[in-house]
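Each of the next two complexes has chain A plus one other chain: chain B in the first, chain C in the second.
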Partner chain A sequence: MLKSKRFREVSYAFAIPALLFYCVFFIYPSLQSFYFSMTDWNGMDPHYRFTGLDNFLGLWNDGRFGAAFRNTIRYAVGLTIGQIVFGLLLAVLVNRGRRADNWFRTVFFSPQVISMIAIGYIWSYILDPINGSLNYLLDWLGLSSLQQDWLGSFKLAIWSVTGVSVWQGAGWCMVIFLANLQSVPQEYIEAASMDGATGLQRFRHVILPLLAPAFTITIVTGMIAGLKMFDLVMVMTKGGPGFATESISSIIYNTAFLDNRFGEATAMGIVMFLIILVITAIQLWALNRRGVEA
Partner chain B sequence: MKKVTSFVAALALSAVALTACGSDNTASNTASPSSGGTAGASPSASTSPKNVALGISVPGQDLPGLEELAKKFEEQNAGVKISVARAPNEQYEQTLKAHLVAKEDVPDLFLQWPGRGKIGVAINAGYLADLSSLGPVADIDQGQLSPFSQDGKVYGIPWAKNFLGVYYNKTLFEQQGLNVPTNWEELLEVADRLQSAGVTPFAFPAKDGSGMFTWYALVPSTVYAKDPDWDQKRYDNQVQFATSDSWKSTGEQLKLLLDKGYLGKNINGLGNDSANALIADGKAAMIVNGNWAIGDYEKLASDAGITMGMFAFPGNEPGQPLWLSAAPSTGLSVWSGSPNQDTAKQLIEFLYDEENVPALIGSGQFSTLKTVAMDSNPIFADILDIIRTGSSYPFLDVGWPAGPQSDAFTKETQAALGGASTFEKVLEAADKSWDKSVESGN
Partner chain C sequence: MDRRLMQRLPKLLLLLLFTFVYAYPLFMLLSFSLKNNGSMYANPLGLSGEFHWGNYSEAWSRSNFDVALWNSVTITFISALLILLIGSMAAYPLARRKGKGATLLQGFFVAGLIVPMQLNLIPLFKLLHSLGLSRTPLGVIFLYIAFGMPLTVFLFSGFIRSLPKELEEAARIDGCSGAGIFFRIVLPLMKPIGTTVFILQFLTIWNDFFLPVVFLNTEKLKTVQIAVYSFVGQYANDWSHMFPMIVLSVAPVLALYVFLQKYIIAGIMSGAVKG
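Coming up: the complex of A and B.
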């Protein structure tokens, strides 16, 4: 007993170097940002004033921040639902024991390994209203009435960007669902078939409930990725037209680096941190409970 | 006892690890030539001109001849080593900011963008050395220097004049029998004739900031030719964007171009590349852009087999003067904390020497030095007169606090162009953004 206690003390002591690193390079700067969020620092000048909660209160009345906040929620919900629906669909499609399954898995997963910046550029060209291949394709199919200004329309732009992020994320979800699907015991499915369940019923009542762990992972990570949406927005629309595709991250960048208002940008960063924290905590709590019940 | 020793051992270990990391930094500071300005440089370097390591940072393709001339300077000055680092604009700006704030790894010389929201911030923070006494300063127009100056002292020396105007398909103009417009009515007439010939008058990539460029290009004639002190009055709160007739009528001019269909369709989704493709295909005839983009239009013209030209955006009513939107390029500054300031200043005088300037700034650029006349690109033939002798007003971000350019004249303008806002609201947004920025000391 005594021996194991001493062992534990020694092992804790060996965690100190790592802990010190963590504190110096992560905890300290993070705490510092709380301080900067209450100043009017412009990012350069060592002379700045302490302004208390002004930066935070200003965000309430800031139309830009409000728009960015609403957009961010749309990105998060759209990305999460979109990539789960498509990911699940793809997972089921490539889990049928066909010879081509592996090839399709690779193809569907491939957008995941391309850099977001490259994806953004490629899709900007595809979605270009005049020379873009999507509008060209629609025209060629005789569907020119469906041609749109995909990234320039106030209503559509945000969903175009979300669509691209779904295109990128669905393959990843597919892998998660696939792993989970393959762990579903065949006995359950056979038993259900013997009881006369149709394919759809088997999927709905046997397989889907057993996919709860995969749902938990994809929902949480999808929400976090959506809430942090930045690179696609910067590459594809720079937040435009107007503020139609601005996310909290992109507006933080603009406020800090274009408008020289680092204090205000840091305050936005803290608000974003709190939002992600709360949403993720609620999700984990709800999904864990459901997972246990299932 | 064991507990204590293990604790001490672990602490020592972590201390070693952390100092290793620290010494690593300083080692790289002194070793890397780009860090000649850090306090870690040997004291002898600051006193004797021998063995000086100078670091220069520049964004993008600015000062294209810098590397060549730096070598020449090294040959003439034994013991001086110069290293030039280039980075894309945004990356350059942010890295430099971070280094300046941390006072670590700061290059001895670097380029700064003109204006209050750019170099002005660095001047106020005390990061820049006074360059007023240097030779080239006397040979540069006050108008070019003032965006780099404060309280009569010069902190950055611009190397070229930049300007905004309208690039146009000269071949198409000639086919249609059109002349270069010199006032607003002539522009509308040209646009109307082009439209009835089935050509969209303007390619307008609003996605990449064409809206902002057009504001920049219009207001020298429509606002500042009538009231050159407008900005100062705005700082003094005597005037506002939303209540100024000149700004309101400029907004109406933009609205007219939009409503008549002169700007084309789907402009908020249109990027620079596609807009240029419209010009190359002869589907559109004019595009607002700056002299820095001349390479694109030279290539476009030769690929498409057309002739391109450029004229100043005629926002002026007939009989009123046409003013050009022009501003100095980036300017070379010296870090106030550099131990090699004397050598750095010598290098500036060398670079801005009349003989070296043409190589330094590259072809097609207009030197800031009054003593240097350069061969101009044929594309600039129509705009040359107004550049050399005409009146101009700087780009709006030069005299303004940071904010309105992006908030109002880019973002809200996109909204107005897309029908989700109005040009009156653009001006209201400009007032709001201006006040906010000035309040926070920018």
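Coming up: the complex of A and C.
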């Protein structure tokens, strides 16, 4: 009897290949990074010293990391807010129950399948101050006073890059909001109309509160994508002008592979991980709390 | 009738404006890929001009695009297929066994969802070097498999739990072995989620820039993304050859998107849980 019961269990042996890859190439290096972050390793020299928390403390004396840190927060917040605003707007626009809606959705979602490298170069050209389409279009519309050096200005460059990431991410948010909108019971909306609520009031007081799950998902993923911002920076600005568009990821790459300061680069990776950890914890807390209420 | 039209008009105009904002960059890409630098500057919106089909062959040969394409195709397919196989195998006992062990192991895999590649990059660099795998496609394939496990195990185990156990039990009574049950009964039932995961991993790996720029940044090993990136480094501002390169790198995924749109959207959305 006992034997037949044991026989019925699925063997853990199935998980061995996955565990092997996962432990060797993911868990082990992740744990090791905490050690490397406390050394002055340069990437080649087998002799390196243990330096305690020096790398972490040193990060804040380095103007470049401070700039990258502030920029990264701007990317994350800008991307999150931007893609939610436009994603929600797009979702409302294509939620009319018509055949053409599907076509529009396909168009708005399409940047999701294209690599950030391609998107970065296409937009670099559009935003080019001399030959770019955007300044040309502004001129054609008689708005030449609005022409800018979109990627070359210290003030504007970071928002131009953020804008491109919003363009890329809004279609994604649109799909999340659409799924959520379609789960809103029709009776709620009808009841509100019977009580004399206008379209905007219905949206503000009935639909918007029911979109809380979509907001949670889009906020968290937006924040994390913004914190990891790398490809667009490398392609569109290389962190410049100055350090105006440098992100934590781009500076990790530069610190490790151009400056050969691997210890410090690892410390930066840990700072990024800790921020993601906190955001994820807040998300889980928010989801759990809602679960209790429901 | 007119009033209804007036009410709809702002919505319709907004839709058209957004369609322009989304369609124009792709239109510009295609149109500029067929121009020479002169006609590009003469016509910054890309609306007219003659077609220079030779841009493509020249960009292709100047960037050794066949090498990049071959690298991208092999790395992407091998990684995605191995992720499917290894991930589904791991998910099977996690979904079917009860008790603390299975829960813990599942948690161990899922915890990886919140670890960014930026955290373990430097130790990985050292590890691949000491294994003799640095600057090899195989090393990068191993990394993609490892990084793909958390999401894949999470999605697969959830799916297997939703499958009825009766088929597996019947097969067991008929004397089928554990491996036989998995490969002949469970695996074929996983087709829908398998398609989703494959598309998701395919897009992630094809479009990835972070690992290739660190580990495959050479003329022989470059992927499509690196081919585009390093082309700019060599021929800065040579946009008339840049655009055909970008078209070549984007065409495979856009073609897939047109035909498999529903699956692709489902695939990308199921990746939403990843940190």
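Note that in this section the second predicted complex is superposed on the first by the 262 of 294 C-alpha atoms of A that agree within 3 Å, B and C clash if a C-alpha of one lies under 4 Å from a C-alpha of the other, contacts with A are read in each partner's own complex, and residues count from 1 in each chain.
Here, a contact is a pair of C-beta atoms (placed from the backbone, for glycine too) under 8 Å apart; a residue touches a chain by one contact, two chains touch by 3 or more.
In this text the structure is predicted, and so the values were computed from the model without any measurement.
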| item | value |
| --- | --- |
| Clash or fit (per the criteria above) of chain B with chain C on chain A | clash |
| Contacts of A:Trp285 with chain B and chain C, given as first, second, both or neither | neither |
| Contacts of A:Phe50 with chain B and chain C, given as first, second, both or neither | neither |
| Contacts of A:Leu258 with chain B and chain C, given as first, second, both or neither | first |
| Contacts of A:Phe21 with chain B and chain C, given as first, second, both or neither | both |
| Dominant contact partner of chain A by residue count, chain C or chain B | C |
| Which of chain B and chain C A:Val10 touches, first, second, both or neither | both |
| First, second, both or neither for A:Asp149, with chain B first and chain C second | first |
| Which of chain B and chain C A:Arg64 touches, first, second, both or neither | first |
| First, second, both or neither for A:Tyr188, with chain B first and chain C second | neither |
| Touching partner for A:Gly242 - first (chain B), second (chain C), both, neither | first |
| Where chain A meets both chain C and chain B, residue numbers | 9-10, 14, 17, 21, 24, 43, 131, 257 |
| Sites on chain A touched by chain C in the complex | 8-12, 14-15, 17-19, 21-22, 24-30, 32-33, 36, 41, 43, 89-90, 93-94, 96, 104, 106-119, 121-123, 125-126, 131-133, 136-137, 140, 167, 171-172, 175-176, 179, 217, 221, 224, 227-228, 230-231, 234-235, 248-249, 252-253, 256-257, 262, 265-266, 268-270, 272-273, 276-277, 280 |
| Residues of chain A touching chain B in the complex | 6, 9-10, 13-14, 16-17, 20-21, 24, 40, 42-47, 49, 64, 124, 127-131, 149-154, 157, 237-244, 254, 257-261, 263-264 |
| Complex contact set, residues of chain B against chain A | 2-3, 6-7, 9-11, 13-14, 17-18, 90, 93-94, 97, 100-101, 117, 121-122, 124-127, 206-207, 265-271, 273-274, 277-278, 402-403, 406-407, 410-412, 414-415, 417-421, 437, 440-442 |
| Chain C residues touching chain A - in the complex, by the definition given at the top | 11, 14-15, 18-19, 21-26, 28-29, 32, 40-41, 44-46, 86-87, 89-90, 92-94, 96-97, 101, 105, 109, 112, 114-116, 118-127, 142-143, 145-147, 149-150, 153, 169, 172, 178, 182, 203, 206-207, 209-210, 213-214, 225, 228-229, 232, 239, 242, 246, 249-250, 253-254, 256-257, 261, 264-265, 268-269, 272, 275 |
